[in-house]
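The data blocks that follow each hold one structure.
The two complexes that follow have chain A in common; it is paired with chain B in the first and with chain C in the second.
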Partner chain A sequence: MTSHWHKKWYKTVIVILLGWMAVAAGRPEVTLEIRDHLFMPSELTVPANTKVKLIVYNRDPTPEEFESYELNREKVIMGGQRAIIFIGPLAPGEYPFFGEFNPKTAQGKIIAQ
Partner chain B sequence: MLLTSVIIVLREVLEAALLLSILLATSRFMQLRTRWFYASLAFGVVGAVAYGNNLTAISNAFDGTGQELLDAFLQFAIYLLLLLIVPLMVINHHRGAYKRNLLQGAMLVAVAFAVLREGSEVYVYLSAFRTQPDLYSSVMTGALLGAGIGFSIGALFYYLLLGLSRHYTLLLAGILLTLVGAGMCAQAAQMLIQADWLPAQAPLWDTSALLPEGSLPGQLLYALVSYEATPTPIEVIVYSVSISLMVLLLGFTHYVSRSYRQNLPEARAH
Partner chain C sequence: MSLARTARICPKHAHTDDARSWLVPALCSAATLWLSPAWADGIVVDRVYDPYVQPLEKEIEWRSVALNDENSDALDDRQLHRLGVGRSFSDRWFGEVYLVAGNHEDKNLSVEGAELEAKWQITEQGEYAADWGMLFELEREREDKQWEAAATLLSAREWGRWTGTANFAVIYEWRDDLVNEWETQLRLQARYRLSPAFEPMVELYAGQNTLGIGPVARGAFKFERARQLLWEVGVILGVTDESPDQTLRLSLEYEFY
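What follows is the complex of A and B.
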């Protein structure tokens, strides 16, 4: 009785895990680069109401902090490194972001539609 | 560059300086030795440099979410320490010296964690300009200005707390620490959402038109109570639960330590 229950329990966990992995793997990915303290591209379009995996490559030798009040995100990216930032699900609209260490040049926005 | 570095350093210093000045003021108020304060500053600065120098490895840990997880851990830890510190302050106030070493130890770790968190970002930011001598001096001037303003606001809180009448010092310190602690929990929850450990949700409300987060009052409120213009339901729940837990614990401590004092033989004789 008990062992039978355990078998069922493990199966449930495996099914949930597989389901979760499928959802995680199915998330749309968008990439962004930082070059000479500029975001490239400076405008990114992502699907609305969906969680998106944003990958930011910092091609500068200096660190930068990806920051957005509208997206509620902040993350330091060291020189030559990349960062993964999950964003959304976002309502349709524009969400500005900037590089906190170089806010005058490093600016961009995400457009959810 | 000057203004940018003023703002970045001010933001970071202000957050740590608030916690630091409130704890330092209550230490003075309870006539604790303030030696713990210098030790925690030293630990915090050493930790910040170590964190900054290893940020690449830390960021890449846990599938690229190491930075978020460590930050969330530090903030939750500070809140848990505050759950210990604030009731101990109330007990010490009502019934005299009680577990003062534990209280000082908890304050030491809390301030060291706060300095580590904020200091590491300043360290990483400034380290970018070591190789750019033309910008370095204006960045350093800005950093010193920002640090100066941040610590001045901290000093203002310190003298405000100590200038109040005895009864209100502890009350205001308790309220401020409850808010600071709840803010840390909400920020930690935000970090776990960013790391995809907690589910992302649509914001519950949006006050960015009324009070933008990037504005000066927005930044001040952020440093004090972690003002967030577009909080998600999880953040609001975490914030409310953190406040409620601290209030319940304080109410209980207050009740027990007061009845303890009333039952003392000397108190009964009066």
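What follows is the complex of A and C.
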């Protein structure tokens, strides 16, 4: 009885995890680079009303912070490393972001459409 | 669950005679049983933690609560202050140490103890339906020689410009000459992201002898090199006779890298 219950329980968990992974795997991915304290590209277009996986590579040796109040995200990316930032689902529109350690140069925007 | 205990948390409803009189005491009893397995004299209103950690972040923090309760000498004019210094150790872990001062019995402000705190960000922000983290705290009260350890589940979720945050804490208190006790606390916050300088919030605190709700606001002053001063101020109003009538809460947090 207990063994049968355990088997059902494990199956349920596995189904939920696989479903979760399938949803995560189906998310659109966009890539952004930080180089010489600039975001490249400075404009990114993403699908509206969809959760998006944003991969940010920091090619500079110094850390940078991706920050956007409009996206409700802030993330420090160490020099020479990458970070994953999940954004959205976003309503159609423009969402500015900047690098908080170099705000005068590191600027960009995400366009959801 | 005795009626007397039910009346303490919901005294205005416990003995009403209308047709629905059973419902409110029943719900209150369930809430009381779930939220406060032990009755103690702790101050529940503090702050609501988000589950996020930033690498390289350092901070100096001052948090304070001041209580007002005309019906309780133990709570009236009670103050509690925390001065903390913290830093992150990775992109997942943040640690902070506090000096705790209060005016517990003789009304003079004095150092009451120290506290260690570690926050663990479990999931990436926005990856799942809700974001998750854990907070671990260890506190030593100097005069009573009492220890307190707590593990708190942190969760947050966005709904457009609204962010909901929940903290559920399980606390264990122990000292040599007293019966050790388990406690639970629930802290909830709804925050509207109006602007970086000003965000209105509503917070609810439940646990021990307190059930309170009230308006809170927060904002940030930004400086160069990603430094910022975060402020929070609010008043939590007690909704039961046992709760402090008003708890004023203030915090200032200077973050830098």
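As a working rule, the second predicted complex is superposed on the first by the 111 of 113 C-alpha atoms of A that agree within 3 Å, B and C clash if a C-alpha of one lies under 4 Å from a C-alpha of the other, contacts with A are read in each partner's own complex, and residues count from 1 in each chain.
Basically, a contact is a pair of C-beta atoms (placed from the backbone, for glycine too) under 8 Å apart; a residue touches a chain by one contact, two chains touch by 3 or more.
The structure displayed is predicted, hence computed values, not measured ones.
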Chain C versus chain B on the shared chain A, clash or fit after superposition: clash
Partner chain(s) touched by A:Glu65 [first = chain B, second = chain C, both, neither]: both
Partner touching more residues of chain A, whether chain B or chain C: B
First, second, both or neither for A:Pro41, with chain B first and chain C second: neither
Partner chain(s) touched by A:Gly93 [first = chain B, second = chain C, both, neither]: neither
Contacts of A:Lys104 with chain B and chain C, given as first, second, both or neither: first
Which of chain B and chain C A:Pro28 touches, first, second, both or neither: neither
First (chain B), second (chain C), both or neither touched by A:Val76: both
Chain B and chain C footprints on chain A, overlapping residues: 24, 51, 63, 65, 69, 72-73, 75-76, 78, 83-88, 100-101
Residues on chain A engaged by chain C in the complex (per definition of touch): 20, 24, 51, 63, 65, 69, 72-76, 78, 83-88, 100-101
Residue ranges of chain B in contact with chain A within the complex: 4, 8, 55-56, 59-60, 63-65, 67-68, 121, 124-125, 127-129, 131, 190, 193-196, 200, 202, 208, 212-214, 228-230, 232
Complex contact set, residues of chain A against chain B: 24, 51, 61-63, 65, 69-70, 72-73, 75-79, 81-89, 91, 100-104
Of chain C, residues touching chain A in the complex: 54-57, 91, 124-128, 158, 163, 193, 195-196, 225-226, 257
